[in-house]
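All chains are identified by letter, namely A, B, C and D, in their written order; residue positions are counted from 1 within each chain.
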Amino acid sequence: MLKHLKKKVYEANMQLPQYGLVTFTWGNVSGIDRDRGLFVIKPSGVDYDKLKPEDMVVMDLKGNKVEGDLNPSSDTKTHLELYNCFPQIGGIVHTHSPWATSWAQAGRDIPCYGTTHADYIYGSIPCVRNLTKEELDEDYELNTGILIADVFEERKLDCMAVPCVLCKNHGPFTWGTDAFNAVHNAVVLEEVAKMAAQCEWINPQAEPAPQCLQDKHYLRKHGPGAYYGQGN
Amino acid sequence: MLKHLKKKVYEANMQLPQYGLVTFTWGNVSGIDRDRGLFVIKPSGVDYDKLKPEDMVVMDLKGNKVEGDLNPSSDTKTHLELYNCFPQIGGIVHTHSPWATSWAQAGRDIPCYGTTHADYIYGSIPCVRNLTKEELDEDYELNTGILIADVFEERKLDCMAVPCVLCKNHGPFTWGTDAFNAVHNAVVLEEVAKMAAQCEWINPQAEPAPQCLQDKHYLRKHGPGAYYGQGN
Amino acid sequence: MLKHLKKKVYEANMQLPQYGLVTFTWGNVSGIDRDRGLFVIKPSGVDYDKLKPEDMVVMDLKGNKVEGDLNPSSDTKTHLELYNCFPQIGGIVHTHSPWATSWAQAGRDIPCYGTTHADYIYGSIPCVRNLTKEELDEDYELNTGILIADVFEERKLDCMAVPCVLCKNHGPFTWGTDAFNAVHNAVVLEEVAKMAAQCEWINPQAEPAPQCLQDKHYLRKHGPGAYYGQGN
Amino acid sequence: MLKHLKKKVYEANMQLPQYGLVTFTWGNVSGIDRDRGLFVIKPSGVDYDKLKPEDMVVMDLKGNKVEGDLNPSSDTKTHLELYNCFPQIGGIVHTHSPWATSWAQAGRDIPCYGTTHADYIYGSIPCVRNLTKEELDEDYELNTGILIADVFEERKLDCMAVPCVLCKNHGPFTWGTDAFNAVHNAVVLEEVAKMAAQCEWINPQAEPAPQCLQDKHYLRKHGPGAYYGQGN
């Protein structure tokens, strides 16, 4: 079942240690088949060097396990909620990558200090608040997803233009058109988070990039007038 | 004698350079056989690329060398004292890993800024004071172990819930259920120490994670209600 | 056409990931044949692990594509303008290397804090201002090149003595006698940018190296009295 | 001539890139045969991946080239002066390793913040002043060596207990009993320099390690009462 997607999600999971984004089992990738309404996710707490494509767990969009011998990632309900709220996305990544997690621990949005950021992410990267004790007790992982979606709605953010978020005192989630693209955005986020911290270190009064430069770079790569790349 | 344990402790020692936790010979791992009351430890000052399983030194819990051609690690009495005071632990690691050592040099406890920390360590990581000149002169390594145990008692810390400590102006000790688990915790400590420093850099007013979030994550992985991983 | 130069520019491009200067496709190298008035540049947005020598694009100095199936780098007009304004240079590199980009985002010139810098670069590394909205709208990449050349003229900088520049909120350009030398200077810039940030961290009141020391080191390697190396 | 020493100095030079201490040709190692009064040093500006044992240059202690087709390192006279002033040393290393160089650029001594430092270096690591313009013009490299020796004399430092120095706005020199030991100390210095900077970052009010702890660790490894290692 979903053999092709399982292989893809497995390979995307294996990219996390290759890109230096995870220590031990601190990360997970999922990918969705929108036609069938099913998503595939890494099992919980399995070492990357022991992971196999057939270990991937298949879930439906109500949170039922449809196939798989292992328990799905403990963050599965967050993935589920994001798939339900953001219908355009095809893959999700959660990691504890060091620089993005440091910003999440610091509880700050990451300002757009340059074109590396603007090439992929339109505007600041939001850091959402802590859940209340009640939200935690009720359903920690599900309420994390709900909170992210609420913040995107409140701030009028397009999930495809801002493909990442920080959860305060926890770490980042990123997403994309599919599992590989979500991993790509996780790499971008870590690099952007590192350079934003270094930028403030070098100049504590640093200002975000001018809006016209942010627009120029984002639109150079995205939308109808894009001219970066080979036009595929 | 203790052939199996020697091999395990040897392999755990070899993980230290693999995980980037040691430069030269700046680290040592031990593991204990509680039934026989004997522990196995790395010899002092031997290069990792020349180390062999049969070089491991066997000690009893009174500090007598029971087997081995080489001198045991110069930190052996600290290991000894920790095994005597913390009967639940099965392995101990000492390193000079850069971020944990920087916090030890700074003489500060590491606050729990996020879930990466809370997943493994319940509350702050204590930094114990310097020994007095008298304690140093009497028995440096033994008194280091005694001080650690005293601090855990005074602060009412459970050694299994806080599997690590910083010794001021020196470096970290970590421990665990066995030698491999102690190395695992040494890796966690280094990652947590790095992200805590970066967090304070990004936001000098950063606050520790809310207690309810720390509880949630620690208990998600530990204790009777744990649901992280595959339940083994 | 220009088979030899294409191979060289291809190899220089492949050095960027080898030296850790680029993530994904965030960089490009070009090289020029001054006799023919043609330069060769990396195609836009092509992964380094799929790049081939024959993918290189040939451009003339008016900005026309002379040969190549793929679109040239989106930064091509900046390269073009630099070749036109700096007739001594033979190769150009653009990257988003983390430390140089952090300085660019911080909007500061990099002071000459030591001989590592002075051995290669005479005086501060300039950070040029943002383009205005009008300049951006008119021709972003061309006006970037014009601005760089203007700043070098205003500040009376010799492009061979200062083989690099930072574009505010964007990143660095470096150049040299050929494509390989331009990559060499990109590595130097990244190392110098890192050590300048660390220097200010260690001593916020740090002063640039004395002028006589800067002169000594620069002239030890460059010009008629040079005595570093083997005199080739 | 000195075939054995050339091989050793060659191998010690090759350790610099292996330990991540040099970029390009930014470093050199020498070793001395005290009986013959001759030392062997890396040629100037030769890439490490092209270096061969037979490229090593043989110098006498008056600064004459005794053997070798290539020019010796541009820092040769500094090595020469150190061999003349510090008769106990058998090898010297110069690098631009990033953290040690950042401290040199910052113009500060490195305080002894912990036992990693105290295990190898007794007390602070001195940073010597800039040469005056007159000293630079007269003989830069020779006067650098003279200044280092003067500072050690003024501060009553034992060159074997403090096997390293920082030259302001330039970088470190380290030395040891032979070429390999000098490289070992260069690795120690870089690690100590990194952790001292990080320590001050985590606690700007951090104090050096208590003198009794510094004594304990230094004497645990050095001198008649040493008990670290296997007593060889």
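In the analysis below, contacts are C-beta pairs under 8 Å (C-beta built on N, C-alpha and C of every residue); 3 or more make two chains touch, one makes a residue touch a chain.
For each chain, UniProt lists the protein as follows: A, B, C, D = L-ribulose-5-phosphate 4-epimerase.
Keep in mind that what you see is a predicted model, and the values were worked out from it rather than measured.
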item: Chain of greatest Cα-centre distance to subunit B; value: C
item: Same or different contact residues where subunit B meets its copy subunit A, judged by the half mark; value: different
item: Cα superposition of subunit A on its sequence copy subunit C - rotation in ° rounded to nearest 5; value: 90
item: Centre distance in Å when subunit A and subunit B are each reduced to the mean of their C-alpha atoms; value: 33
item: Averaged-CA centre spacing for the pair subunit C and subunit B, given as whole angstrom; value: 47
item: Set of subunit A residues in contact with two or more other chains; value: 200-201
item: Chains touching one another, given as label pairs in label order; value: A-B, A-C, B-D, C-D
item: Subunit C-touching residues of subunit D, taken from the complex the two chains share; value: 23-24, 26, 43-46, 70-71, 74, 96, 98-99, 101-108, 130-131, 133, 136-137, 140, 169-171, 197, 200-201
item: Parts of subunit B lying in touch with subunit A, wherever the complex brings them together; value: 113-116, 184, 187-188, 191, 194-196, 198-203, 206-207, 209-210, 212-213, 216, 220, 227-231
